[in-house]
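Quick heads-up: structures coming right below.
There are two complexes below, and they share chain A, which is joined by chain B in the first and by chain C in the second.
This part shows the complex of A and B:
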């Protein structure tokens, strides 16, 4: 009996070891390729243990660093401002929806819910941001469209507020003379750290990984985001190889960085965001357990 | 103490947020003010329509949209160009780049939102007829007559006609080579090592003994490195044996007479090539990942392969030996051939959103007649980017090479009357002369000038292209048995509506033939 559970334990361990390996090895491979000598890469193919190490890819990237560093800066600024604004706006929208004494809550909830199901389509969406608001080619174009307010996040927050914050608490605060703003900023937000951290992580990732807004709205190279730079390489390759009858392929190919450089860019792209995880993790676990206890 | 540190924290946070928001809004102001600066250039135009023939033209900014990325010395070069342009047609140039990969999405949205711009790059292989079909471009027959005389004088009328869709001209072709010949590129070192006699090779099948020798003696080398798009059937037959007549199934045989559209998958030649590739694939002459592999350039450059298919034009060997850093030999399998796709491999169209198409046409006319202007655009500034070594021959300015120059040559196949530009020392000094001879020697397709309008059958084309994705690459690379898979492929193509497309192509082709 005892050995049985022991074996089961090991089987489980094994399953998860394999799973972790499957997740980690590709990442490791990218890292190793970025350190491989270009020539030995073409001769031997991808390998976790390159024959010859080289820092050429990184030297190349940082010699021509203005583009990459600029993209880095853009992405960081957008992620920080975007996440902060997005969290604030989502919370400000979600909180009233969680209050039973708020008169228009069904209407406003439906308004958010509706946007989760239906969208206006690409062209009208583009027209609103470029012709009506005129924010193309600015940092706002990377912050506002698609990412700033997500109906999904608002609904999650509203549910969290409804389930974890007892209405009595708000009544108490009101009786003690606290204003609505004081209740929201000093009581509600303090109690909602887990959900803020969870949504914050989602939003940070969404901002960090976004390349679509750059593709659509940005034509000024100084405002390209990091992920767009990475994606651009893939898209360029796609166009060059998949257009038949293009006798100028060899000319266009010179525009594309070498394999090792692509991998080095991917490694740089993972960069700081990997550090954000441990920071948020604490709260996410907390968020999960709170949810579990309350059912 | 606690409260103090907390309020400091709050202050810091506030400070950070404010500075970020301010910084952000600053950059917005900048871009807004830039746009504001631009608008006055356009607005007076709208109020007082230009008198095109008047000696004094209102200042105008011509926006030219090209695929690619801005070069380092872009502003410098455009500044020089604007000096010439202001003097000649009182205009300035705004060269706007869109990344190759983002081209489709971005230009679609630019047209959809009626953004103002004047000229845009297009090409037969890059969606030209589709854009014409959507009404993105302006018909320019009259404009060219009036302001584009240099263009008409330069380009062979047959080639000008190739850019016509439904009898109307929508774009100006760049003057360069209008044909391509197809064949195999061989590693020169290996050809010499084994003393291969290349003059004996007339057909693809003649390559077999060569591949056999390489396979037996060079274990490290792939005899024939290919890809789905680079397989002989896709790269040699499609452009040298058939005229593929635009998108979708339905081809014309290059040899013979008449204008009967066939389905090449039913053609014996197609089967012959597929069987040959299958044989080589099984013998290990062809790389086993051919159907899925993408970029084979690095492996070829590293000397890991013997042969590769390519598309050639005069001076190809010289240009590519330099860029690939190895000796090359070429075996020609399909002789030079001009189809509509070749003739329209680089076009400049006038956008329907242009505010002043006449000025745009005057600018294009200069690119076909003003050598100084075109040289600036293509090669950069004399003295800064290049120096003249001898007559029309140029080299990089002292201390610069193709990697360090601020204006590398990227557009020397895309725009204008290219024989007006200088020739680089690394190129054949008679490059432009040989282009002219080459164009004249090329066999012209019987359907040259026919452009297929895909609109009536676009659903079928989408469906057949899905089928093609499933079968084409595995068949042409020899990854599967053609005896079994070609009938299957054909059956699925028919189910997806290939017959309807072919009938429509035939109908349009017959109609086109009547108007000639």
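This part shows the complex of A and C:
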């Protein structure tokens, strides 16, 4: 493509190798700590090249895995339901905004756009969900507040519909007697797989990585999501040891590999994303190109 | 106003009303589609906007929101009479300014450099790796930074300071280190993703410009300066407006997770968002939390309008709205 690129290619590669190393070293460090023997860790501190390897942290976690499994389950349920609902709501709202003949287009677009400029703030938002709707301490509190519909996603989807779906196609379908809903579900959605994949991916990540809704709305241990459990453990490692079921274990506390277990938890939290990354990474870049929009 | 124009006007209103209802009927299917989203946005975004009255009330849960006593501006007086208001405003604005300048410069630089790599396969590989931090939650980033900063075992204390003969530093109890730590961590997490946005913009530039410049004997640096940068300026400007508009809004995760919510370092790590959170959920001071939140929303709103106005004055095409 380039007839004339920068000539000192080795210098570029050097810069990027340093950049890549700086990105990966913290992740590698956490991974290595989780495989370190607790005693050699206490002696030498965290290290990229531990003196002695050990699977103790993982053995411990798998032996007492109910808390983690429960958190995983909560996160998976919330992510699947949330992403599905969110995509549907988003596409349903975005499609009419892309129709040039729809007279309420401008008003409904502004309705979304204004929420990007002004917000009531945390306190009234919190009171709406706790006092008015009373959904705190329920799975709904992890699915509904903030995450269910994002103004950005609506605008991105609307732009995609406007740019890729020819109005003639819709007119043809209307003349053949198809209803608006049929056009939406059978034509529009099928033609929009790239944007659905991209927005679906970003929504999945948002749900998977969310700890904010848990921090604000959840106090029931059974509803801890994975990220919130990780958050609790980071702030206080003893959370995982003091579960009501195994209080007899507290006397064993000193024998438990604290530091390595903490990092093993982090690895368990990052794992799925890194493993799935090669498969979904092309949608991220694609999404950024689709998302190059102007309000 | 004479009677004829009045009737004309009221006729116009009647006509407009009629077409409105006709349109509602004609487009009822499309309207129905927007209904779920409309209701959701109303609950999640518009109801809280009405709730800003809380900032002017002394909330009594027994009486409910509407029956609670009005207290005028006393929540605000209380907020601004403490040192906190100054500290959280200063921290929020200064951190964001540094983040905006640093991230934009680095991200544009990285995007331009990646684009110069001849082997496209390797360029894509670099790109894939530098996006990774943006996929991680702030909780995970909290773990990563803890592995560097932990007092007894941390990478920096054990593997850098100790071999060099320095005393270990207790990072989580000294406020003075945190401006550097937070800037480094934030850069680590956000620059990669931002650079891919700029890279997408650079890839969109028509190759003919470069070919023509090459024929005219322009060097690579001249091409970057006179083609690449001017052509991605609109993207830079849009992201800049949005960032400046959000200058009163801090990334809660960075200031909560990475600092482990430690009290000793609040003077350099407390921002408006963490302050509101602590006031509401840890101290239970609803009125003051709401006052701080409203202060943030209103200034943020005028900042977006203001920046957009300035950009529109300088170059109309680049304005957001």
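Keep in mind that, in the parts below, the second predicted complex is superposed on the first by the 231 of 295 C-alpha atoms of A that agree within 3 Å, B and C clash if a C-alpha of one lies under 4 Å from a C-alpha of the other, contacts with A are read in each partner's own complex, and residues count from 1 in each chain.
Here is the rule we go by: a contact is a pair of C-beta atoms (placed from the backbone, for glycine too) under 8 Å apart; a residue touches a chain by one contact, two chains touch by 3 or more.
Predicted model only: the values in this text are computed from it and were never measured.
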In the overlay, answer first, second, both or neither for which of chain B and chain C A:84 touches.
first
By the touch definition at the top of the document, which applies to A:177: first (chain B), second (chain C), both, or neither?
neither
Identify the partner contact of A:145: answer first if only chain B is touched, second if only chain C is, both if each is, neither if none is.
second
Is A:130 in contact with chain B, with chain C, with both, or with neither (first, second, both, neither)?
first
Which partner does A:107 reach: the first (chain B), the second (chain C), both, or neither?
neither
In the superposed arrangement, does A:166 touch chain B (first), chain C (second), both or neither?
neither
What is the contact status of A:219 with respect to chain B (first) and chain C (second): first, second, both, or neither?
first
Can A:259 be said to touch chain B (first), chain C (second), both, or neither?
both
Any idea whether chain B or chain C touches more of chain A?
C
With both complexes superposed on chain A, which partner does A:122 reach: first (chain B), second (chain C), both or neither?
both
Touching chain B in one complex and chain C in the other: list those residues of chain A.
41-42, 122-123, 126-127, 131, 216, 231, 234-235, 259
In the complex of these two chains, what residues of chain C are touching chain A?
23, 27, 29-31, 33-34, 36-38, 40-41, 43-52, 54-55, 61, 65, 110, 113-114, 116-118, 120, 122, 126-133, 135-140, 142-148, 150, 152-155, 157-159, 162, 188, 192, 196-197, 200-201, 203-204, 207, 210-211, 214, 220, 223, 235, 238, 245, 252-253, 257, 260-261, 273, 276-277, 280-281, 286, 289-290, 293-294, 296-297, 300-301, 304-305, 320-321
Contacting residues of chain A [partner chain B, same complex]
38-39, 41-43, 77, 80-81, 84, 122-123, 126-127, 130-131, 134-135, 137-140, 143, 215-216, 219-221, 231-256, 258-259
Per the touch rule above, chain A residues touching chain C in the complex are 1-7, 9, 12-13, 15-16, 19-20, 22-24, 26-27, 29-30, 33, 41-42, 44-47, 89-90, 92-93, 95-97, 99, 102-104, 108, 111-113, 115, 117-128, 131-133, 144-146, 148-149, 151, 154, 179-181, 184, 205, 208-212, 216, 227-228, 230-231, 234-235, 259, 262-263, 266, 269-270, 273-274, 277, 281, 284-285, 288-289, 292, 294-295
Sort out for me which residues of chain B touch chain A in the complex.
17, 20-21, 23-24, 27-28, 31-32, 35, 68-70, 96-103, 105-106, 109, 112-113, 115, 123-126, 180, 227, 229, 234, 238-239, 244, 294-295, 297-299, 301-302, 304, 311, 313, 319-320, 323, 341-342, 345, 410, 413
